[in-house]
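Next, two complexes with chain A in common: one pairs it with chain B, the other with chain C.
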Partner chain A sequence: MKKDQIRLLESNGFQSVLSSIVSIIIGLIFGVLLILVVGLLDSNLGIESAWEGIRLVFAGLFSTGRDAFGTLTWGFNSINMGNMLFRATPLIMTGLSVAFAYKTGLFNIGAPGQYLMGTMASLMIALGIPSDKVHPVIIWILAFLGAMAAGAIWGAIPGLFKALLNTNEVIACIMTNWIAANLVTWLFDISPFKNVTESTKSGYIYKTSFNNVATTKLGLDKVFPGSQVNGGIVIAILIAVLVYILMSKTTFGFELRACGSNKDAAKYAGLKDKRDIVISMAIAGALSAAGAALYYLAGNTELYWSTYQSLPAIGFNGIPVAMLALTNPIGVIFSALFMSMLNIIGLQITSLTAYNEYITDVIIAAIVYLSAFALLIKQIISRRIARKKGGSK
Partner chain B sequence: MDHNSDYVIEMLHITKEFPGIKANDDITLQLRRGEIHALLGENGAGKSTLMSVLFGLYQPEKGEILFNGKKVEIKDPNDATALGIGMVHQHFKLVEVFTVLDNIILGAETTKLGFLRKKEARAKVEALSKKYGLQVDLDAKVEDITVGMQQRVEILKMLYRDNDILIFDEPTAVLTPQEIDELMATMREFAKEGKSILFISHKLNEIMAVADRVTVLRKGKGIGTIDTKSTNTQELSNMMVGRPVQLQVSKTPAKPGEAVLVVEDLTAPSRVHKNKNAVKGVSFTVRSGEIVCIAGIDGNGQTELVSAITGLGKTNSGKVTLCGEDISRASIKARGRNMSHIPEDRHKHGLILDFSLEDNMVLQRFKEPQFQSHSFINRPAVRKYSDRLIEKFDVRSGQGSETIARSMSGGNQQKAIIARELDRDKKLVMAVQPTRGLDVGAIEFIHAQLVEERDSGKAIMLVSLELDEVLSLSDRILVMFEGEIVGELDPAKTNAQELGLYMSGAKRMDRKEAAE
Partner chain C sequence: MSFLIQQTLVYALPLMIVALAGVFAERSGIINLALEGIMIFGAFCGVLFVNTMQDTSWVYGAYMQDRYGTLQLLVVLAMFVAGLLGAIFSLLLSFASINLRANQTIGGTALNLLAPALVLFLIRILEGQNTLFLAKGDAAEWFMIKKSMFGYSAEESMGFLGDTFIHKTYLSNYVCILVFVLLSIILYKTKFGLRVRSCGENPHAADSLGINVKKMRYAGTTISGALAGMGGFVYALTTANCSSNGDVAGFGFLALAVMIFGNWKPLSIAGASLLFGFFKCLAAGYSSIDINGDGIYMLRELGISAHLYRMLPYLITLIVLAFTSKNSRAPKAEGIPYDKGQR
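Moving on, here comes the complex of A and B:
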């Protein structure tokens, strides 16, 4: 039995999961401390509010508001739950994008740009093809594939620079991010898709539901009534499983991982290391863009098109999602769910307590930041276990 | 002064266990002041573990360490450094993109107000370098210098830190005969000055030549400590391996057949100075059924020659024909159809260290039908194949095929590469320093394998820096000096002295005579 325990402690999978959990706990503890400190310092808050905030950090997902006496109530909250799944969908994809590139030895900080290109391609196709002539499902599929193609091209550009000119992909990615931001703004500016019919809206693109295009709900709206959830989460999970299989079971994944782990040895073995860099970045780009498609094809989301001054946070958040999952594609599903849960919790704290949205943003950001230390925690854990084993008999 | 202070370091009854293996089992090692003490043992005998214990990298389960007779705890390398213990690791610990000088002073920088005082450091290093004849180019980047020079950098690092107890882990594995002689002279010089030296090796001649005493380890146990004066190489090797060992390569005369590799007037650029040629118009032929050895001092163009033939590096001009096919511009993969390649740098090219052993075993072959079905890797087939190679070539590792290559010992990593390359069964075997860093038993085995390959009609191009290997294994010797082939010798009719003259450029044959 002792031996089984040791084997479990030594197994890579166990250490990975444990380290992710430990880093989440460290992040949450830090968040709790922040809430306490802010609560005690701010005269509007006090210890009462801090205690409420702390409970919301851990169980905000199950918060159902306040009762008549002003105390927090708890229970199954279908809106929270469904929205968590909905917001996790694009995060899974950008997380996969970063994780995939990372496994092949590349740091894809270009996810925001690829996400933007996917946004543009999916919206233009979904709004540009009239749904009275083509079936909306066909349009949806075209928009989804078009987004992936646009993202793949956008990802391939830094890949080409890296392969042909040995330019660091991080620099090329940052450049392409801002090119995408300006390009997308410009193209939407001259496009006929700006929302002019709803007078309350300014600066937004039409929702795709204007053209009757929307992701199928797959009955999830019945399970989580009132939320934005749709079949996109199922598609994202399927893609994550596919990426996992591709990476760990196929010869193609083997080749990409070989190039990523040791470029020289891959070259020695006759693998086409340069081609593989481009392919890896193209796939990473397609994954990010697919995330954008799943978000904007939902039918109920809208894009603020003048985006040239900022990059989508979902793109960057792919990095902590991937790091928390230790770049395991299956792990990405869970870490993305965790990140989007934090997002929901942030909204709950803002709406139910006197903590303002900026403080909650700081708290959530701190948790995210510390969660990304999973790799470091893993090294510490495996060293501990190794030492313990070495020390005892 | 009590009697103990004869010994500067005593490691008493050290026991260190790893999962499934007792790496050190009650080993005692006593190092006298001013002596050169050799630590002899095969790969996996526990030499490196014992030294890691001394260096504070591992904590032993049992046993104690005395320093000048007093018990000390060495918890990490900083404690070891504080005691004046310095180590040249088998795999150098240098920052590749830093200059030689920066590497030497790294961690022991002299500063003033937080600014580096490189001038003083440079003067000190230059003085040391001059005093011990350790020639280095202080301003070259480590990635651009030869392995031999990298080692001198490591030695200077220890000297710069005024270490008195110097550990050399397999220091001669990467050196040329001349460099080995120089190193030994340097070691004797150190000992004369009262520094104590631990010399880890499995090369018996070197131990006999330089060491005062030798402690032999076998499979984690201490076999004994003896004076080198009262023993001989055969006795030592028997102690080390535990059975009588064949020290000479046994082979029949070669029966060369058709030409397999024809190199004509090949020039290739230098790795270090991109606009200079490292290979200058080299021509030679390797026939099936013969072992042709390119001998020479490290850095005379052998690496570039091999790179040009294998496709890893560039070719400026000339022609390479393999099995009748012009491969001068072919891809690495195309060249690999008729060539297997045991690379010089096993960590850079030979293995993907973060991959499992079995994945490394199929590095070139995972796309072959036997290892995949519908683009999915056929895991059972890979495992079976890998297990077979592990068994056949006696590759030792903690978890067999699943072992991560990084965690294996250097010798076993090399055996894994050789297993993979020889099993690919190609017409030409390019073997670059195939026995570098291996122990007697493994060398014996690999030499026998190469001879067997030769006898089955393979053409073998051997690049070696070790004179013993050059003379005993090859059928023909081509000596390379400054990018040219300066002599062709028959191993039966030459000796180390003559070879050394060609290698150092003191003697050369007429070009026409040398070619072919």
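Moving on, here comes the complex of A and C:
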């Protein structure tokens, strides 16, 4: 019994999970402290509202608003739950994208650009093929695959620059991000897909449901009534499992990881490191773009098309998702769910207190900061465990 | 033409100073991916400082009585404040990457996430909206240098040089240039600069000669933080009407590109940022640029889409990078935590 315990404590996976949990706890404490300090300093807020803010940080997912007396009420909130799953869907994909590239030794900060290209391809295909001639399910599949192809091409560009011309992939990715932002704006500007029927909406593209294309709900809308959830979350989880199998159980995945951990050794062993860089970036791009497709093909989301001044936050948030998961594809599912939970909590905080949603972004940043020395935390944990083991002998 | 030069400088100078920030960090061996975040933080601190000072009788009185010197002093003070707080903010990165030997890319990313979140959190609580504006008036009215300050009337011209480099400029431009030149000299012509650079090339050799690698790396990243914070405020002052909204439009990342494109050398960086600034200026004002002064707006009449102009700076940087990357030489030890045991 005791031996089993020690084996579990010594296992690498367990220590990784533990170090992530430690990061999360410290991050949350930091957020709580910030709320307290601001609450005490700002006379408009005070300790009362700080206490409300703190409770929401931990349990905002189960918040159901305020009762007639103005006190916070708690319980199962199907809208919060369902929206958490819906918002986690693209985050899982961009997180996978960053994690996948990271395993092969590349820092994919190009996820926002790839996400934008996926957005454009999926929307243009979903709105461009008339649904009275082609079955909507086929249009959906085409749009999803088209998005992945667009993302793969966009991801392959910095890959090619890196492999052939020795360009730093971080810089190439940043440039392709902004090029994508301008290109997507340009193409939507001259496209016939701008929403002109609803006069209250200016600057938006039609929802895909305008062309009867929408992701299947898989009955999830019955479980979480009132929320945006759909079958996309199932697809995202399936893809995460596939990526895990690809990375850990196939020769190809091993090759990519070998290139990531030591490029020269991989080259010496006869692996084609340059080809692997390009393929890895293309897959990473396809994953990000698939996230965009799952988000915008939902049928109840719409795109503000003039995107050239800013990059989609979901793309950048793939980085913290991947880092919190220590780049493990299965871990990405959980860290994406955690991040989207924080996101929902942020909205609750904004609507119920004088604080705002950015507090959860601060917490996320603190967690990422701590995960930068996850290795150090892991070492401390394993040293502790080793000492305990020595003591028990 | 004057307009073209002025606008180019407006975009080029923050880039130049922030790219130099990147050089100081990387030359000491630390990859500073957090330039964007530090800029955002610096911009916020500088704007908040100006915003608060505007209400004091010292500054408001100066504004009412046209005491321009005081207002210009305020600009310089705000640059200093932004630099100081940027430096303090960057200590987060130094601590993680030097003392804890953390992954510098992730540490920098964390700062990039933290800065906008923290800034927006505070702005929303202070202002009840997402942007912190000046307390009174706008930046041009308060801080822009105009020919009327030198006794010229509206019709008189200051000559080409005066119209280009004095009229309708900000003092921050010249402070930036001065700081850029001074620090470039320090990095290349002083013992301190040599020591910093040695820690980015071969920290083990530096250590064996009695140079304190940790200290030098702290110096490098802290100077980097100060420059980036200052650059952030200059960006906010000159292109965003001295407001802060948790965003600097990716300028921190562009500065990184400029740094690599300039091959980690100050002079090439100055050239690279001017090139980039020029294209950025074309994108912003191509429809109102009259190159040779004949009243014909040639660029607008070409009929090229505005979207293409906006894309150009990035496209050109990417293409130039493609040609120059083969010969680019990053500091050898950048990004590698220093480990005495590996000597």
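Observations on the model:
Just so we're on the same page, the second predicted complex is superposed on the first by the 352 of 393 C-alpha atoms of A that agree within 3 Å, B and C clash if a C-alpha of one lies under 4 Å from a C-alpha of the other, contacts with A are read in each partner's own complex, and residues count from 1 in each chain.
Simple rule for what comes next: a residue touches a chain if its C-beta (ideal position, glycine included) is under 8 Å from a C-beta of that chain, and two chains touch if they have at least 3 such contacts.
Because the structure is a prediction, the values reported are computed rather than measured.
In the superposed model, A:Gly270 makes contact with chain B only, not with chain C.
After overlaying the two complexes on the shared chain, residue contacts for A:Lys249 are found with chain B alone; chain C is out of touch.
Contacts of A:Ser261 after superposition on the shared chain: chain B is touched, whereas chain C is not. With both structures placed on the common chain, the touch criterion links A:Ser191 to neither chain B nor chain C.
Of the two partner chains placed by superposition, only chain C is touched by A:Thr167; chain B is not.
Residue by residue along chain A, chain B and chain C are tallied for touches, and C comes out ahead.
Within the superposed three-chain model, A:Phe373 lies in touch with chain C and out of touch with chain B [touch as defined at top]. In the superposition on chain A, A:Leu183 makes contact with chain C only, while chain B stays out of contact range. In the superposition on chain A, A:Ser78 makes contact with neither chain B nor chain C. Shared contact residues of chain A with chain B and chain C: none. Touching chain A in their complex are the following residues of chain B: 16-19, 58-59, 61, 310, 312, 331-333, 336, 341, 343, 348-355, 359, 363-364, 366-367, 372, 375-377.
Residues 6, 10, 249-252, 254-255, 257-258, 261-262, 264-271, 387, 389-391, 393 of chain A are the ones that touch chain B when the two sit in their complex. Of all residues in chain C, those touching chain A in their complex are 33, 92, 96, 100-107, 109-111, 113-114, 116-118, 120-122, 124-125, 247, 249-250, 253-254, 256-257, 260, 305, 307-308, 310-311, 314-315, 317-318, 321-322, 325-326, 328, 330. In the complex of the two chains, the chain A residues touching chain C come out as 34, 38, 42, 45, 107, 161, 165-168, 170-172, 174-179, 182-183, 185-186, 189, 308-311, 316, 319-320, 323, 354-356, 358-359, 361-362, 364-366, 368-369, 371-373, 375-376.
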